[in-house]
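Just below sit the structures, each encoded as structure tokens.
Each of the next two complexes has subunit A plus one more chain, namely subunit B in the first and subunit C in the second.
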Partner chain A sequence: MSRSARTTVLAFLFLLPALLLLAVFTFYPVLYGSYLGFTRYNALSFGNHEPPRWVGLENFRTLAGDELFRTGVVNSLKYLLVVPALQLVSLAVASLVNRRLPFVTFFRAAYYVPVVTSVSLAAVMWDWVFNKDGPLNWALKTVHLMAQGTNQSWLLDPDTAFWSIMLVTFWRGFGYYMVLYLAGLQAIPAELEEAARLDGANAWQTFWRVTVPLMRPTILLCSLLSTLSALRVLEEVIVFTNGTGGPLNSTFTALLYVYRKSFGGLDFDYGLASAAGLVVAALALVLSIANFRLMREGSVRA
Partner chain B sequence: MSLTRTESGARADVRPRGGLRVRRGLGLLGTYALLIGILVFAIFPFVWTFVISVTDSGSVTTGRTVYDFPASLWPRHVTLDNFGNVLRTYPGLGRAFVNSVIISGLTVLGTLVVSSLAAYPLARYDFRGRDVVFGVILATLVLPTETNFLVNMLTLARVRQWPVVGEYLGVGSYMAVVLPTLSTAFGIFLMRQAFLSVPGALLEAARIDGATEGQILRRVMLPLSVPSLAALGIFTLVGTWNAYFWPSIALTGEQDRFPLAVEMLKLKGAFNDNIFNTAAGAVLMMLPVLTLFVLAQRFFMRGLDGAVK
Partner chain C sequence: MKRFAMLSLALALTSSTVALAQKPVEIEFWTFYLSPKFDDYINGVIKAFEAQNPGIKVKYVDKQATLEQELISSINLGNAPDVVNLWSDSTWAGADNNLLLPMTDLVGRSELTRLYHANPLSNFEANGKVYGLPWYGSLDAGVMSYNTDLFKKAGITKLPTTTTELVAAAKAVKDKTGAYGWAPAIKDPNGASFLGTFVFEGLPIVQGGKAVFNSPAHAKLLQTYVDLYKQDYIPQELLRKEAFQLSTELYAQGKLATIIGGPQALTRIRDNNKEIYGKTAVVNAPLGAGKVQPGSGMDLVIPRASKHPKEALAFAKFMTNRANQVAFAKVVPVIPTAKGAETDPFFAKAKGSKDPIERATGLVGASGASIKYAIPNVGKTDDLFKNFNDNIEAAFLGRKTAQQALNDSVEFWNKNMKK
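And now, the complex of A and B:
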């Protein structure tokens, strides 16, 4: 065997475990899952070792007529509202802690603690915060944003359950993006912001006219990550509502539909679940492209 | 809520223009007010959970509840009884702790081994097909993986029916939780980056001395890549310890193997009337991660752990 052939064999021996695991648990599921979306396949046929039966677009027609799925897609798209809030605040917080101040590293670390918190633990703790006798109501009453004597059960009211869960996503996310933005901010030469300030710009103007335009690549990356995870929101709604989709299905999201059709409900309809997953994947693709377009347009205008 | 808070705060953070001491002082005051406001938002749930966990549960009968704000934030009788209570009355908690340790240990070990093995040729060999392998690993970052949990569950349910090994690899086993998470682009590229910075002369010297490729990886590359191994290990550990969704699926039918993150919600359901026990369990769950975070925060503050979560 020639030396280069030997190297190639050796290289693939080293790569074997990683590639094998990727093939079985990442690539095969993507391919097979996409195929399942066009078939009729459920727990019964799986148990009986029957192959999936090709039905073309039937699952997608079923989805189009299923009000629960429509609710899920609408809620998942509505969940995207967390993205601008999350990105704006994270960038603002990052520039706030991007200074040499006493204790600033303590604040940075403390803001990151929610990121290393399990979603189930977050659900337990925030459930108490959102309780009708809980600290959120108390705080709102103390600052007179809420009338005395009223009590809001944030997670049980169909008008507020959705936004409450979104707040927890925000809470678990802002420290994470803060760190990414911090890395970007530290790459900006301090002279630029200094020059703006010497020219008479205040902090607000410096932030919007100098910092934000220079941070465009990081903002693009972060909004993309945040958009995709918002569209795919699932864990939060499972842990807060025990997988039910909340009061009046107000927190029922598109991936919860996939989960419920697969394992959560009674039907175990793998074909329909996979089709729903494909719809979410298509939406994710469209949103990614839109994200890139939006950012490029912004840079042309600036 | 926090949006408006930060916006108004950013405005309050006016830099001193004429070098006026007073204005600088006010600006600094505003900055710290803002920093503390965000701090309260970030850590209040933890602080309150901790306070509940050390509050004497007997105080409920004396007319005080944990919802009696703000007085309940300063418990009159601090006690550790709740921790003993929850461990005694809810044996599932101790078992879940052990499960979390096993699952996290296997995952960290497996990830380090698989990533290092794959990273070595990618960093150091010039071989046919390297660019393709690169592309394949990168592609995992953009693939539509929405329904992977479903197909992986089906695969592992089939594996379960295999003779002899099915019990240890299929649905309901620890390995069912671990296996799909081991091979990641993040881990492989992190280790590759570390291996790239090892001086080539060291490899040459080792080869001249007759070392095999496996020995070079073990004796030269890995010892010189300890910081990256530590970073990858820590990120993987925190991610696995906290993971809720996949373990809850992969361990279907084997509740005795649930890790803490899954058991936590059952605990809350079991003690719906006893918030003290639940809070004590919550503190027990977050203590290891919090300790690790405090000790290793510089790793996290570099913003590397994205792909693990």
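And now, the complex of A and C:
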């Protein structure tokens, strides 16, 4: 065996354990789940010991006719609005804590706390914040952004529930992206920024013309990750709406549909749930390709 | 040699019969949200059962929110539990999907009606067969616990006995004290509570296999509640939270004057606010125009996949027998549904107690015979309830008129209901 062949074999041997785990816990479920999307397989077939039965596109036709699923898809796409906000703020905060300041480690850690806070705990806190007598209303009244005597139940109003839950997603996510950005920022050689300053660029110009272009790979990685998680938002919706999808289904997301169909109790419908999951996956794929396109263009220009 | 062979065969036979007699059958028993609070009671019953049935061992497991999913996966993996604690909706879904053994086939109808009251049995009946042994139950509006202080401040001298009087009292409390007077279940997340309100007020839900809850009388009733909601006489959070949970929260903070429902809420008040618990008095809940008391109950079912249905049945019958159900009601204010439990002197005696929980137990404890689930088995409850709640919510939020909301929901139900 030649040296390079041996290296290849060795490399695969090292990869094998991880690949096996992936095969069992990722590839197989993904493939089987995709297959289920084209079959009829529900609680009744399960109870009667019948295997999944191939029905072609029937599940997708059912989905197309289900208003609840359409609402879910629209809301999930609308949820993507959180992505630019998340990216801008976490990049800004990352560059703020990327300085030698007293207590900067404390701030870095503090911003990361929401990431490691369990969603159920966060729900208790935010539930209180959004309450009619909660601190959010109080704060808005204090700064006169809200008229005294009025009261807003943020999670009850179909016009605000969606944005309120999105705010929680934002709060839970930005520390994570901040850390990724921080790592990216620290990889940028200080000389480049120094050179820019010597050339007379102010802080804003340095940030915008030097830092941001160099950060492009990180920015695109973070956008990709946050796009995918925005599209798959579920936990927040479940804890804030008890799994119902909020006032007038204004926070009913596509994945909540999948969840309700598959884990709704003894009347589950795995076929329909898998088909709905496939639709979400297809959307995610399209958005990921779009992200990669952007990344390639970016690197050509840089 | 031949003799030796015979001997060894005989030995082998005896030893195997001995092994059969000695190796007990182990059955697995799942409860729903009962551990660790009621471990002593449950384990006590199990111990008594095992003493009477030396061949059977019971493994006790408590499950919580994911009980149904875990039941499905354990059936799939071939290690299904033998006795499982379910409730009406899940029992019906299990029965319709062929996951449960019909009790009527195992025990016989006459034996079932000898042991349990007819209403609770009907709560677990699907397609002409009973699928669960009735266990403990509760009434949607069993007792009214009220904060005597708030009632006094509101100037209420005559306690409400009808819904109309209750609405008047709720308005008086809100106007004079700022606290809410009443937190009725209008849209609990895991059910279709407003359907219960219809039944409570004597209005039908399903007739002749068709949903009929959109008559002008239904719409008028819904409108009454919508008005209360809009005028802030009932907490708006009721659209988002379970009434039981919200009631106990607000009542314990002194922000709500009454809790209508089972006495189980009182345990939480006692644990959270001793002072308010001390000011609490308990009376029979006001009745609606229907003069009925819808309720709901827990049952014990045997999955079709159980490997020991005979032993499972013996245990399920033991757990739900009269003596054990009454004993449970003495531990926690639940309502026994076994026939004869209502005659237990404990309930009559508790009625006269000064302690709110004991008195509440006394008031409702003997009403097992009347526990009837408001909603019939219509199949696909997930979709039907969600659609109903969505429409009710649209009415409360002013996006649809009450009549329109009910029309839309009835249309959906008649399209998707089990025929």
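Structural remarks
In this section, the second predicted complex is superposed on the first by the 269 of 302 C-alpha atoms of A that agree within 3 Å, B and C clash if a C-alpha of one lies under 4 Å from a C-alpha of the other, contacts with A are read in each partner's own complex, and residues count from 1 in each chain.
Note that a residue touches a chain if its C-beta (ideal position, glycine included) is under 8 Å from a C-beta of that chain, and two chains touch if they have at least 3 such contacts.
What you are looking at is a predicted structure, and each value in this text was computed from that prediction instead of being measured.
Per the definitions stated earlier, placing subunit B and subunit C onto a shared subunit A by superposition produces a clash between them. Contacts of A:Y32 after superposition on the shared chain: subunit B is touched, whereas subunit C is not. By the touch criterion defined above, A:T62 reaches neither subunit B nor subunit C. When the shared chain is aligned, subunit B and subunit C each come close enough to touch A:F46.
In the superposed pair of complexes, A:P247 makes contact with subunit C only, with no contact to subunit B.
With both structures placed on the common chain, the touch criterion links A:W128 to subunit B but leaves subunit C unconnected. In the superposition on chain A, A:P158 contacts subunit C only, with no contact to subunit B.
After overlaying the two complexes on the shared chain, residue contacts for A:W138 are found with subunit B alone; subunit C is out of touch.
A simple residue count on subunit A separates subunit B from subunit C, and the partner touching more is B.
Contacts of A:F263 after superposition: both subunit B and subunit C are touched.
In summary, superposing the two complexes on chain A brings one listed stretch of subunit C into steric overlap with subunit B, and the stretch in question is 74-82; the others among 2-10, 20-28, 38-46 or 74-82 show no clashing C-alpha atoms.
Shared contact residues on subunit A (touching subunit B in one structure, subunit C in the other): 46, 242, 263. Within the complex formed with subunit A, the subunit B residues making contact are 1-3, 6-7, 9-11, 13-15, 17, 28, 31, 34-35, 38-39, 41-46, 48-49, 52, 65-67, 69-70, 113-115, 117-118, 120-122, 125-130, 133, 136-137, 140, 143-155, 157, 179-180, 182-183, 188, 213, 217, 238, 241-245, 249, 252, 260-262, 264-265, 268, 275, 278, 282, 285-286, 289-290, 293-294, 297, 300-303, 306, 309.
Contacts from subunit A toward subunit B in the complex involve residues 4, 7-8, 10-12, 14-15, 17-19, 21-22, 24-30, 32-34, 36-37, 46, 85, 88-89, 92-93, 96-97, 101, 104-105, 107-129, 131, 133-135, 138, 167, 170-171, 174-176, 179-180, 182-183, 197, 200, 202-204, 207, 225, 232, 234-235, 238-239, 242, 255, 258-259, 262-263, 270, 273-274, 277-278, 280-281, 284-285.
Put simply, subunit A touches subunit C in their complex at residues 42-44, 46-48, 68, 132, 153, 155-156, 158, 241-244, 247-249, 260, 263-268. On the side of subunit C, the complex with subunit A involves touching residues 66, 68-69, 71-72, 75-76, 89-90, 93-94, 96-99, 189-190, 236-237, 239-242, 304, 380-382, 386, 389-390, 393-394, 397, 399.
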